[in-house]
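In what comes next, subunit A is part of two complexes: it sits with subunit B in the first one and with subunit C in the second one.
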Partner chain A sequence: MPATAQGPASRDAQPWPRRERGFSTDTLESLLLSLIAMAAAGLLFGVFLAAQGHDALAVYRTLYLGAFGTRFSIESTLTQAAPLLLTALCTLIPARVGLLVIGGEGAVVLGGLGAALAGVALGGASEVVGTVLTIAAGALAGGLWIGAAGALKHFRGVNETISTLLLNYIAIALLNHLVSGPIRDFSQTLKAQSWSIPKGFMIGNIPGLSVHWGLLIGLVVCAALHLLVRHTTFGFAMDILGGNRRAAQMTGLPIGRLILIPCFLGGAAAGLAGAIEIVAVHGAASESLVVGLGYAGILVAFLARQNALAVVLVALVLGGISASGGLLQRRFDIPHAATTVLQGLIFLCVLASGTFRGRLLPRRWAA
Partner chain B sequence: MTGTFDLGWWGVPLAIVAGAIRVSTPYLLVSLGETLTEKSGRVNLGLEGTLVLGAMSAFATCYLTGSPWLGMLAAGVAGSALGLLHATICNLPRVNDIAVGIALFIFGIGLAFFLGKPFIEPRAAMLPGLPLGNWSDNPAIRSAFEISPMFFVGIALAIILEWGFTNTRWGLILRIAGESADAARAIGLSVHRVRTLATMAGGFLSGLGGGFLSLYYPGNWNEGLSSGQGLMAIALVIFARWRPLRCFYASLLFGGATAIGPAVQTVGISEGYYLFYAAPYLLTLGLLIYSSSRTRTLAGAPSELSISR
Partner chain C sequence: MTKSISRRRVLAGATNVVGAGTLLSGLPLRGLAQTPKPITVGFIYAATRNDFGWNQAHAVAAKRIAQLPGVKLIEQERVPETVEVERVMESMIQLDGAKVVFPTSFGFWPFIQKIAPKYPDVLFVHAGGLWKDSDPKNTIGYRGYMEEPHYLCGIAAGMMSKTGKLGFIGSKPLYFIFNNCNGFVMGARSVRPDTACQVVITGDWDNPVKEAETVNSLVDQGVDVIVANVDSPKVAVETAERRGIMSCGYHTDLSALAPKGFLTGAEWNWAKAGDFVQAWQTGGAYPNLFRGGFRQNMVAISPFGKNVPNNVQDSVLAARQGFIDDTLKLYKGPLKDNKGNQVLAAGQEIANTDNPFKLSVKWLVEGAIGSTGLQ
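For the complex of A and B:
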């Protein structure tokens, strides 16, 4: 049985374009489209800045300096990019089977909560085991959270976009409830936060860099999931389902598994991001988990056009934009929100550019 | 909350009612706007951005001109502008309306925070309330029954839309575009134009909802002004099954659920405060699970809607 009634009414306005294997015309076109879209967004943002009386070129120079200009700014860009690598996968992996999941924010929160609780519970364990289990608990919590949305989709036909949106708010309310009472560390009077995980469970920085190990974890997970979707039978089956549900059914593919596992994996990636925030940065669950990592991840996923390796590049660019916000504010007295405006413009331009897909390059280029 | 002045435990239901009316008004306006948009067959998920930009525009305009009503107009116009942007991009072939909504959500909030930075400190004139509690000498009751005219504007709109969808030519055109784009094209309608206008009108109403936030309750402008009312309105429309009058009841229910927390806190109960915030979302999710099915679309949902397919 189909999970949704995709009758003849379904049209071509799919959120995600189809793809071919290898470095094909499609890949080239995706790259070109993304570049053109970003250039257009940059131009629009420049006009916007000029209209506000700023020197757009000087702002862009500073943006570059703040993102990639110095060792310090590169490190801060990498730190900003690390969680985005993982939260992007929360939208990207389910998108391969045609689902539009926007629940990264909630999965991050659940992952952080799961990690904090596991870390506290594992108090007596040895450091390595404790760290690994703490992080795994976060990934599991996030995976189950989005996996639940996948199950609702498959078994009840509940729209996954709406359910994950609702789950974001439920997760945040749950976090606020727990850290304001049941698991609150009352010795911390400055802000409501949970009990802290043991100091020994915290992961430090990559040697020689002031960037925590979460970056490496993010890169490894991106690469692993890229392999899964591009080079395994399961990934191929996912593509069939994402491309044509009916074909997938006719071929006898296990639709349920093909919906639940990608949702679980996506949620686990975002949960991992939340867990890393706990073991690398905060040490305890609190409101600090809710800073829009999940929503930024959606943007990264769309910009990367469902390519898990492109996520790395895009996360760096967006991390750089976020990292330079502070410098822009100091140097030009431009509100920090300028970086949000730029991100929104990039997002809009990328979506609009999708309309030229398949029309930008002549098809005969395809070898 | 002043609602409990001298009333003891009776203050709690009073505070909930007063709070529900106050909190529900933006929900009502935004959800009516979203209903209007979704009836035409499109989802605008960016209403949170529209709401916040509307709030900023209203406050800034009111601060600069001194007229709160001009502020509300500015909020509506700003909302329509974002609606026009949404519709224009969605009118391009092969663009997903939900994704555009998320982009507008980010863009609208960024724009509002950027342009609204200078207006965080000052005070502006507020929208006047209607003193409907003057029959009572009790100041708590008086303040509880000082109700914004926008609440009644919302009720009137809900009734007009409920009637208009089924009984006017415009309502019919809107529903054709939402139920079957092919049928609409077959009778010579421009589906794009209908949806553009519907999205702009929806944006106008959402902008008004934002203006209510900054000019009436809570009545200031800062970056934490909205607590997700724009996103919740999307859930609310589903909860109301795309019926304007049910949007009104659902808004009161959601508003009441949000008002329970602060109201019981005034009498010293603070346990589970945050769980009440989750109540509307849990209710909507429960309703979705209950009413969805693997084999058919949601009852009441326009069939062209991407979330009902």
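For the complex of A and C:
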């Protein structure tokens, strides 16, 4: 179980997770492990590149140029990173209670659909109210979607990993069905898409940057959920449930609420990402919502080792990799799939690095 | 992957003088005297460059444009028809210094309209005749009258068919698909008046499973030549070959996929855009909207398959000359649609460049069995 291997459950069989102030051994170890894993992935990818006859160093220089080298590169990296901030939370928050949710993709789609429908329905509303309600509708839709998987888990014992994976397919099928018929805007002949939300509901770019407001929303949500998880009794209770379900039951914690609320929050974050895609980018729901934002979010959550603040850094790194993918393709004729290979290597290395957890640094709090 | 293109190219050149001729005729030759200033040209594809279809047709053109003096080619594939393509265009412009961009997918147009005003020193060339007077002057829409090469395919199909039953597989119920279908049917009936053509519209640009099923069912109905107007006709042509019937290509040269049954194919000559690149390079004039058939060198036919006899090749080439000289009109009366309504009276002719007429085509000609799928 990768989720629990990363999460508090792996802190051996202690009924109570450690709560430390400041920079704990755990945090330091997590950081080191992540860095080592990334470096290992980079090394492996270098070997892969060399085997293809490329100069690995030149490729990495170009990767840096495409990701952070110019103002334009940084702006594209930020744009790529913005939705990942939110979709990562869809895996991250439920992971705190020991659930492995991989339904971010479906929640993004549902969020987008919800936002598009709400935006259209709210046609006459004032701009601010309309925008806020449109975005809220997306978050609600995503939240209910993953919340439903949480309910299935809690009430019927359905494995949340399987159910959220399958819900992704259902969400995409639902989207395709709706935009190709019931809510299709037939005046758009080039592409099957829903009716468009009013122009006034669209949120623009952050002044002075060509990056939309979704970035800021993502940062705020990451910070807020970090506070919830780390600095509230509810977050503490989540950690207890994630660490040891029996102990949580014995202490009389409300297990149902502790499963449903994190699922809802995670889904709402991904739904928010979908809603922002609508109000900041597309203006209407279409297949453009299904571009792997949810799946990339899983990778971000794992790399960030379930730390909502680390998500920000990781999203930037992965955003940078995808932002520079095109440049690599053009300069070195490296196929499009190569950046996916790099992401896959990072993922594998991070998973593998989990085995070194607890052995890297001397333990201050040996049980 | 580039190896397979060059192999096909070599094959085309070595085995078929006609094919080589059509390839060369597309190369703009002016401006060779002095080396013009260097220019970077970026091609953006929605799918892989080697799809035996729409994208490959553009990649072939890109290779030829890259041979123009001073031109440096950069390419990026698998760019989705989303805001992503804006970023790719801007990245090409900002990081690679591209001065001409070819976002080749039809669905890229709205994003071009958005980005073009921001970069007045960059030329945006889009494959699709969507340009309107209100669009930026640094954008070009261009497209070929593919019904003309389909007419030639129809001639080959009509002469080669044993059963007199042809099959046309269309993707979307759109005017240019109907025109291509009409061209194919009229070409066949010009050499064999009793030809019937089954028409199937799949509804998808790209649905290989449905396309293969359709070919199989057409073969079962006695059809012995097919042409598929889909994003990548690869599967349809391969299925036809496997079932032992003949096929015509679409978009790009597909002869390698069906060594036995390939007749010829309707190809775009997107390399015509080399003219636009050179004009932009030298500050010359260029059209914002360019449409053309054989006369304007915007379309071509694939090299003939090895089992196409000389008399068939001669008939096809004669008709092509007719289009080039403008002596052959595609739509001319008397002409009925397949519901028996008269479309054109005897003596009535439609100019081959009459685009408004072609846009209005929502019917299939007599001899086509099936419906447009429009309500």
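Going forward, the second predicted complex is superposed on the first by the 341 of 367 C-alpha atoms of A that agree within 3 Å, B and C clash if a C-alpha of one lies under 4 Å from a C-alpha of the other, contacts with A are read in each partner's own complex, and residues count from 1 in each chain.
FYI, contacts are C-beta pairs under 8 Å (C-beta built on N, C-alpha and C of every residue); 3 or more make two chains touch, one makes a residue touch a chain.
From a predicted model like this one, the values you see are computed outputs, not experimental measurements.
Q: Between subunit B (first) and subunit C (second), which, if any, makes contact with A:N176: first, second, both or neither?
A: So A:N176 only meets subunit B here.
Q: Touching A:L166 in the superposition: subunit B (first), subunit C (second), both, neither?
A: First partner only.
Q: Specify the partner with more touching residues on subunit A, choosing between subunit B and subunit C.
A: Greater contact footprint in residues on subunit A: B.
Q: Would you sort A:V291 into first (subunit B), second (subunit C), both or neither based on which partner it touches?
A: The second partner, subunit C, only.
Q: Could you look at A:H282 and tell me whether it touches subunit B, subunit C, both or neither (first, second, both, neither)?
A: In the superposed model, A:H282 contacts subunit C only, not subunit B.
Q: So in the superposed three-chain picture, is A:L31 touching just subunit B, just subunit C, both, or none of them (first/second/both/neither)?
A: neither
Q: In the superposed arrangement, does A:T70 touch subunit B (first), subunit C (second), both or neither?
A: A:T70: touches subunit C, not subunit B.
Q: What part of subunit A is shared between its subunit B contacts and its subunit C contacts?
A: Residues 336 of subunit A touch both subunit B and subunit C.
Q: Under the touch definition given earlier, write down the residues of subunit B that touch subunit A in their complex.
A: 45, 49, 85, 89, 92-100, 102-114, 117, 228, 231-232, 234-235, 238, 271-275, 277-278, 281-282, 284-285, 288-289, 292-297, 303-304, 306-309
Q: Any idea which subunit A residues touch subunit B in the complex?
A: Per the touch definition, subunit A meets subunit B at residues 1-6, 9-10, 12-15, 17, 100, 102, 152, 154-159, 161-163, 165-167, 169-170, 173-174, 176-177, 180-181, 295, 298-299, 302, 334-345, 347-348, 351-352, 354-355, 357.
Q: Flag every residue of subunit C that touches subunit A in the complex, lowest number first.
A: Listed in rising order, the residues are 42, 74-84, 87-88, 90-92, 94-96, 106-107, 109-110.
Q: Help me check something: in the complex, which residues belonging to subunit A touch subunit C?
A: Going by the criterion above, the answer is residues 65-66, 70, 72-73, 76, 79, 190-191, 281-282, 288, 291, 323, 326-327, 329-331, 333, 336.
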